[in-house]
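To keep things simple, chains are lettered A, B, C and D as they appear, and every chain counts its residues starting from 1.
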Amino acid sequence: MSEENKYWHILEEFEPIKDARLPNGREEVVSPVSRRNFLKVLGLGTASAALIASCTKKPVEKAIPYFIKPEEITPGKAAYYASSYFNQNEFCNVLVKVRDNRPIKLEPNPKSAITPNGTSGRVQASVLDVYNINRFQGPQKEGAPIDWESADNKIVEQLRELANAGRPIVLITPTIISPSTKKLIAEFAETFGAEWQQYDAIPMDGYREANKRVFGTDALPEYHFEKADCIVSVGCDFLGTWLSPVEFSAQYASRRDLHKENPDLHKHYQIEAGMSLTGSNADIRIRADRSEYGKILAYIYNSLATQKGFPAIASDIPAPAVAAELDNVVADLAASEGNSLVICGDNNPDYQVIVNGINQVLKNIGKTVGFERTYNHFRGTEKWKDTLLNAEPGAVIVWDANPVYNHPESDKIKAAIQKAPLSVAISSLPDETSELCHYVFPSPGYLECWDDAEYKKGVVSVMQPTLHKLFDSRQAQESLLKWMGNETAWREYIKSHWVSNYFQLQNEQTNTDRFWVEILRNGELTGKVEPTSVSFDETELGKAFRSIATEKPAQGFTIELTENINIGTGHGPLNPWLQECPDPVTRIAWDNYASIAPSTARELGIINGDIIRTGNLTIPAFVQPGQAAKTISIAVGYGRTAGVPQELVTGVNAYQLAKLDNGFRQFCADGFNIEKTGEHEDMALVQGHQSMEGRPIVREATLDEWKKDPAAGNEMHEKVEHHHTTLYKEHEYKGHKWGMAIDLNKCTGCSACVLACNTENNIPVVGKKEVKRAHEMHWIRIDRYYNGEEENPEVVRQPVMCQHCDNAPCENVCPVAATNHSSEGLNQMAYNRCIGTRYCNNNCPYKVRRFNWLDYTGSDAIPNNRYDPANLTLDLPRMRHNPDVTVRAKGVIEKCSFCVQRIQEKKLTAKSEGRPLQDGELQPACQQACPSDAIVFGDLNDPNSKVSQMMKDPRNYHLLEELHTLPSVGYLTKIRNKS
Amino acid sequence: MRAIVYGYFTDELDLLNAVKELQNKGIRIADVRTPFPVHGLDAALKLRRSHLPKVAFVGGLIGGTLGLFFQVWVFTKGWPLNFGGKPFLSLPSFIPVTFELTVLIAAFSMGIAFLLRSNLGPGSIPDILDEEVTDDHFQIILSEKNNNLSETELVEALAATGALDVKHVNAEK
Amino acid sequence: MMHVSPVREPLINGEKSYKDITKDVVAPVRAKPGKLWFVGLGISAIVMLIGFAMIGYTIWFGIGTWGVNRTIGWGWSITNFVWWVGIGHAGTFISAILLLFRQKWRTSINRAAEAMTIFAVMCAGLFPLIHMGRLPLGFFILPYPNTRELWVNFNSPLLWDVFAITTYLLVSLLFWYMGLIPDLGTIRDRMKTLWKKKVYNFLSFGWKGSARHWQRHESMSLILAGLAAPLVLSVHTIVSFDFATSVIPGWHTTIFPPYFVSGAIFSGFAMVLTLMIVTRRALNLKEYITVGHVESMNKIIIATGSIVGIAYITELFMAWYSGVEYERYAFMNRALGPYAWAYWIMMTCNVISPQLLWFKKLRRNLAFTFVLSIFINIGMWFERFVIVVTSLHRDYLPSSWAMYKPTWVEVAIYMGTFGLFFTLFFIFIRVFPVIALAEVKSVARSSARKFLGKPIKKQSSEKQ
Amino acid sequence: MLKPLKWIFVSFYTVKKKQNSCYSKLFGMKKFFKGEGNKMMLRFYIFLVAFSCFFTLPLLSFSESADPVLTGGHSKEEINRGKRFFMGLLPFEREHESCVSCHNLTPLDTLNWNPSAMDIALKYAGRDSASFRQVVMEPSGKVMSASHQNFDISDQDLQTIKVYLDHLAVTGPAPSKPSINTLLLFLFLGLLITWALLDLIFFKKVKYKFIPALIVIGALGYQLSIIYEEAVKLGRSQGYQPDQPIKFSHQVHVTENKIDCMYCHHTAADSKSANIPSTNLCMNCHIVVREGTRSGRFEIDKLVQAHEEGRSIEWTRIHHLPDHVFFSHEQHVGAGKLDCAQCHGLVEEMHVVHQENDLSMGWCLQCHRETKVDFVDNDYYATYEAFHEELKKGVRDSVVAADIGANDCQKCHY
């Protein structure tokens, strides 16, 4: 060894060895002592600055191989496993990307029959839930740790005692769609004489009731938005939160794909009170108060019935305020008989009966509304409370449900659970209900589980674990098996269920083991469809009309409870990614608020952020253009406190305002007033300005205009292209030239791309305070502008990420050459070269560059300066990081890279295999997650690539193209069907 | 042993007259020390023009050329990078740095040349004969070394011009 | 011999002989500093240290401790930078450009003005450094040979800034110090204590006033002035390139270089006036820095102030005339948007108030000039604030528009630079001659009252 | 607090002892110790000590105070006796060589195949002296039997050696002195410059001015060169050759036993990382091969033991790129078909692997500018039509990696 490198040995000389039995135990000790000596001496002068700055501690690093290398793991390469995501409000088939034994990303499973196109934002963010530090670390009894065996023994003993004593045993779960679990629960119920009840935080039992009454089937039908020429939605947020939004988004977008062969755009009417995501995408949005929904449906039915020669149902229901506008709706519906779809987002069975009547009149049943693949979801009812509240149950087992938080009668439920001699919570995270229970049995996250799912009838999929259990947890099913004394492993239980029930559904595999392996590989199995026809009971319509007629006119303000697309029913608060993702309509993160109409606000003198009191909630007000005057919209799912760290407690719990009506929970109630408290709190609003100021940012046209001229609304593009000239020779891109096209007509604003980007690119969470200070870090954002009068504006959206301009203004101004142009047309950003002058950000006309204002990631060299309100820089949550993307340190600029790590990976695969790269093979995270296929990425040098084709579309334009920045991102104009 | 003879005036006009008078007599003046640059003294003493402007010119030329060529080399040979679609050799961008380097090198080369040429610098110890020279004394110094006159003759000659307080010392060199 | 037109008022009042000049100017250096001086120095030093502590705080916790955000990437830091650089324009302008134009009145103020320049440029230079997110890696900005084989981006105006500011600081320092050498020699010879003599001899590089040295010195000063004159103009031109070469509406303006340079001289003269009006009283130099001097400077202020005013109006006109909607909006927003107050402060202080100087009475009124000079400095600060912040806060895409509010950290750092500036200035007035002795003496014969021919009738204009 | 100070004095003392003449003259230590040094020198020495303290103290604050030395129930004499025996100081007349002649204290000497004292101590720390004796006196392996031939060591001596080794296992070897030559040199040059400048400006003791001037220029130049070298070395580790937990020789495995690189590092062609073989992969061969020709059984025993205990070997990593560099072996070995030796050097000739190249960015860039891309055989490059055109026309005769973007920032940094 040469003399100069002796310093690696000096370690021992300075560190008295405490226990030489662990000779390598002190690897954190820093070795290059003589260098550091040297630096101390050079503490002054310019040279020292250079030295100190580039001096990083150089620890003796260990390279520890596997003891036995698992065959399926190649260090440095990702493996993908098929699995399924199911949470209280949605389902998605996914591929789990696993690097070195850790799931790091969820991607859509293209083989899925339900969600092949993309995922929702919540699915994307769910990977973080696995690494949640707030999860239960082990089983608990009365808050104290206990071991599984003694807990099991005690519970079995008590259950048997209670069963023998004839006390009822209740098992409360959310809707369970797993066929194996259902079978298991049935067995369990039999063994202990237990009663199983399903409970949904936001129920759809009213829909099922209506279907039972009208069609004679207690089911949620499937909807075919792709077949509908005219969609009329009355307060139904089917693109955001209703039933199966990922599936519906894809169907919906497929009818907004405009090209010469398909000039037919569907027409979407949205009649609603609060501005929902779906409403903001509608071709025509009709503003109506929430209390008018019944009248509106009745009006539509009667008008249609008259037109179609059905008898109108006589009643004294007054005509709604928007009757004139509804006449157009009715006309359009009548014109697209059999190809239209009417839906309503209200759980009132009477309303749904009328909706069914309308669809029946329009002959939509069997066409756009089908009963073949009905949803197994939302099986909950209000019956579950009967036993719990009235029969003095002996044991209450609550599995993943949180009624104490999300039921309006939470006090009664709380008392009942506390009264029960035995209460068991099976949950992964602490919540309001598990707090009350005697026993807590932690369950693993869904990425650690074996399970299966039958979301839609006949479409069965599996869930398989992708990492070892992080905590001492056990699946609920395993617990049930254990308590029943069944020694079968849960995995085997599922497999045998599949083999006995689904093996015959296919004929490719003859061996059951091969069959199972194949299922695990594909993730899903689709059985055959049996045509189902339903009867129709007209008499129910009359009943429904009568009950609507008896509705009392609404008093004061009506409060409508909505679901936030990110937060959902209340699971979101524990996921900081979801909290930080701004609502696509209001662009507010980290809070819920009461949306009020601008006219109301002016009347009451309320501005954004004024704290108001309504009902018994004290909540900031938000002035929402397009809000109905007498309706206040408040999102549920906020105000979770139990088991939620202080930093993540946001908003107020609005579930308490839900009301029970004829045994159905309704998410609206009237008779409220607004009271100003005089307090004010700024909300984390990421977009302060709502108007485009007449600038050609989002360009749009109507369908009629487009039919006349495909470049309608985009005349400017031609003009700018015409002026395209340059003083000097442009750079040539001799190989690839990456580009992206975004169809504004397809983008619904669901934010799946934002969350996919978060996951893929290790984007830090900065917290509410920082978002308020405009320090958010998202690389892709979805701008939303209002157009027209504030009472009911039109909404346009535009996803904006780095435009990768060929004449990038940011590149010219970086003094240290940290950002420049790659030979493939990428605007590249070298974080390690960046010194953080922010000049590039100032000079970016799109403002897509993000600066690490504080040490959000903990990767800074300076100690004790971390700013991480969401605790995502602890060791456990850090495991989610994508190892292929640098975690940026404090003080550097970052921005969208077109997922360059994916470009590299796919290029390399093609190179190694010696074949050209295929178009569509390479997808950035945003494109991959987008359920509506609005984003297309590819090689612009390839004239046949999809992106090149889209760039040639007359609808294509570049954002701020008049600046001659030559972006690589193109936008396709938004076309509204207003004919 | 060579003697040095010096005296002073309190008015620069007297000094100029004296210088002329002495030169008319053929006496060589070793040095004239004044509190500020006296107009016309250079001409009276027949001092050659300074070369400092030439130094500055050469320095500026070197600075500018090196600066420009360095930038050109970096962007064409060293590592050509595409910044915002500009050509690699974007000459207009190089003007500011070239200019600044020209001025910097010119100024400093001249400054250093001045100090070296005048034997001034930190730690340089001057042979001060009269401290008032930096106040209001205009001093003429004559040396035996480059005159054929004796010490007393020099004293007389100087005194004759009206110089005050004429003194003589024997300098070693 | 030189004859001076009797119309000109003398530049040195009182019957000052050469000896008197020396005595008066060296007095502050020789005398024991008074209590006020110590109080002033103490306060400045404390403010400076607080500022430095806040700089440390910023480096430690990040730029997020400031009010800047994703939309307004530069806030007070660059506003202050441009402001200080602007102030740093007067000194070299006075000593270089006025030397070339043979303006004798510059001699009494150029020393102090140049010192002020250097201190102001030091304050200015701090901001581009500390506004970096990763200051410890700031050396990346220097084109030094490295194993990465990576150089810097010579296209970036920020890099030009590095060269311009460094060159300006170094050349100004050289110019200033070269001018100081003879005067330091004077101080050396007035000192009684040996160590002081030695120290000043060290500082004066062994100056002895030899005719040959004077000849070279004069020659060098002239060339240096010739070099510094374009340099003065180039520095703020390059600073203006930071904005002018960008694409942001309100920044992307070709008028910026002349507009910035005149603005810089405008604010620089204002600052010189602020300081000199106080200094002449405090150091008893009324006879040297006369009302005539103040008036001359005020004339330059009117000239530059008017140029600045025309530039403002031209900008507005061009925004309208260009027909570019972003440009138009940016200027409408300046005048009527949420930061309109800043715009109108700027307009009042920079355009309207200097016009009062057309009145000779006001021009020669010291109290008025003092107040006005402070007004101008405030106005010029707001000019930069308007350019930096209001242009950025509403640029192209309304979705990203935001507001900016400084935090106490930024305010403390700004105050800290005042601390630094005044600490240095306080030290300067006690250590170095505030007036260029040799230069004043050299113009005394032609401009001092004592030497002016007796027949010249007395001017009784000066009243204080 | 006092410990570091003591250390400094001790280090100076040892320095003096070793190189008596030059150092003591330099610092005037002789005079100082004799009590007749003049005041100037005394001051100078105190200044020097204080100066070095100033810079070394913060450094030493990293060190922790040692635990009281464990003796394991044995007297100090016993341990010392064992030590002396091991070191060959006892007995005075012996036929065989001392233990230390083959077994170094620590595995410093990397060419010595024999286990070090520390290794032995750790291995036998938990065992009784009978088994130790058996191993020493009745060796089983070929290599060891050859070297331990004709041993004539009494049981008592062996016992003391065991005691010593047990002690060593707990305390570790005595610390040796760090090399701070560069630092001292730098400091010294600094002082020299200060003196020369002071003389040049104030004292003017030296008659000829060019002497101090030359000293200043020379010393400053040398200092700058030190700074430059150290700055370049920062974050670089060319030549890094750490000790590994097992004396694994690539030469033995690759050259002598003809094992292909890709047998152990089998993911090099299709993954980012080249894979360090897992314990069970080693055992594929070592299940049979239990004794090396040079190292005997001792080193292979470590592997076997690890295998039995079900743990991985904790190798010390040599080739290490910063976290912000994404390097892929697949790109270079798989797609680029480069030879391992191009970056790693002739590992097959290394007994102890060291880092051959400096792995600096400039080194990468240079190679990218020279390495030609296989444009003919790999269909992937069909996309690069412009280059094919140029090749056909003869505008260029080859395409190098840098032409197709190998030197783009985001090739490695993202």
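What we mean here is this: a residue touches a chain if its C-beta (ideal position, glycine included) is under 8 Å from a C-beta of that chain, and two chains touch if they have at least 3 such contacts.
Bear in mind the structure is a predicted one, so any value in this text is a computation, not a measurement.
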Centroid-based (C-alpha) most distant chain relative to subunit B: A
Selected pair, greater C-beta contact count between A-D and A-B: A-D
Computed distance of Cα centres, subunit B from subunit A, in Å: 79
Distance between the centres, which are taken as Cα means, of subunit D and subunit A, whole angstrom: 52
Inter-centroid spacing, subunit D versus subunit C (mean Cα positions, whole Å): 56
Rounded Å distance between subunit B and subunit C, as computed from the means of their C-alpha atoms: 29
Residues of subunit D whose C-beta touches two or more other chains: 201-202, 365
Multi-chain contact residues (two or more partners), subunit A: 50, 54, 809, 812, 814, 817, 820, 822-823, 833
Touching two or more other chains - residues of subunit C: 149-151, 153, 155, 157, 159, 202
List of subunit C residues in touch with subunit D within their complex: 146-150, 198, 202
Interface residues, subunit C side, partner subunit A - complex: 59-65, 67-71, 73-74, 128, 131-141, 144, 150-153, 155-159, 162, 242, 245-248, 325-326, 329, 392, 394-403
Touching residues (chain side subunit B, partner subunit D) in the complex: 79, 122-123
Contact set on subunit A toward subunit C in their complex: 46, 49-50, 52-54, 687-695, 697, 770, 773-776, 781, 783-785, 798, 800, 809, 812-817, 820, 833-839, 841-843, 845-847, 849-855, 860, 862, 865, 867, 889-893, 959-960, 963, 965
Subunit B contact footprint on subunit C (complex, rising order): 1-2, 17-19, 22, 143, 149-151, 153-155, 157, 159-160, 163-164, 166-167, 170-171, 174-175, 178, 181-182, 185-186, 188-190, 201-203, 205-220, 223-224, 227-228, 230-231, 234, 238, 241, 437-439, 441-442, 445
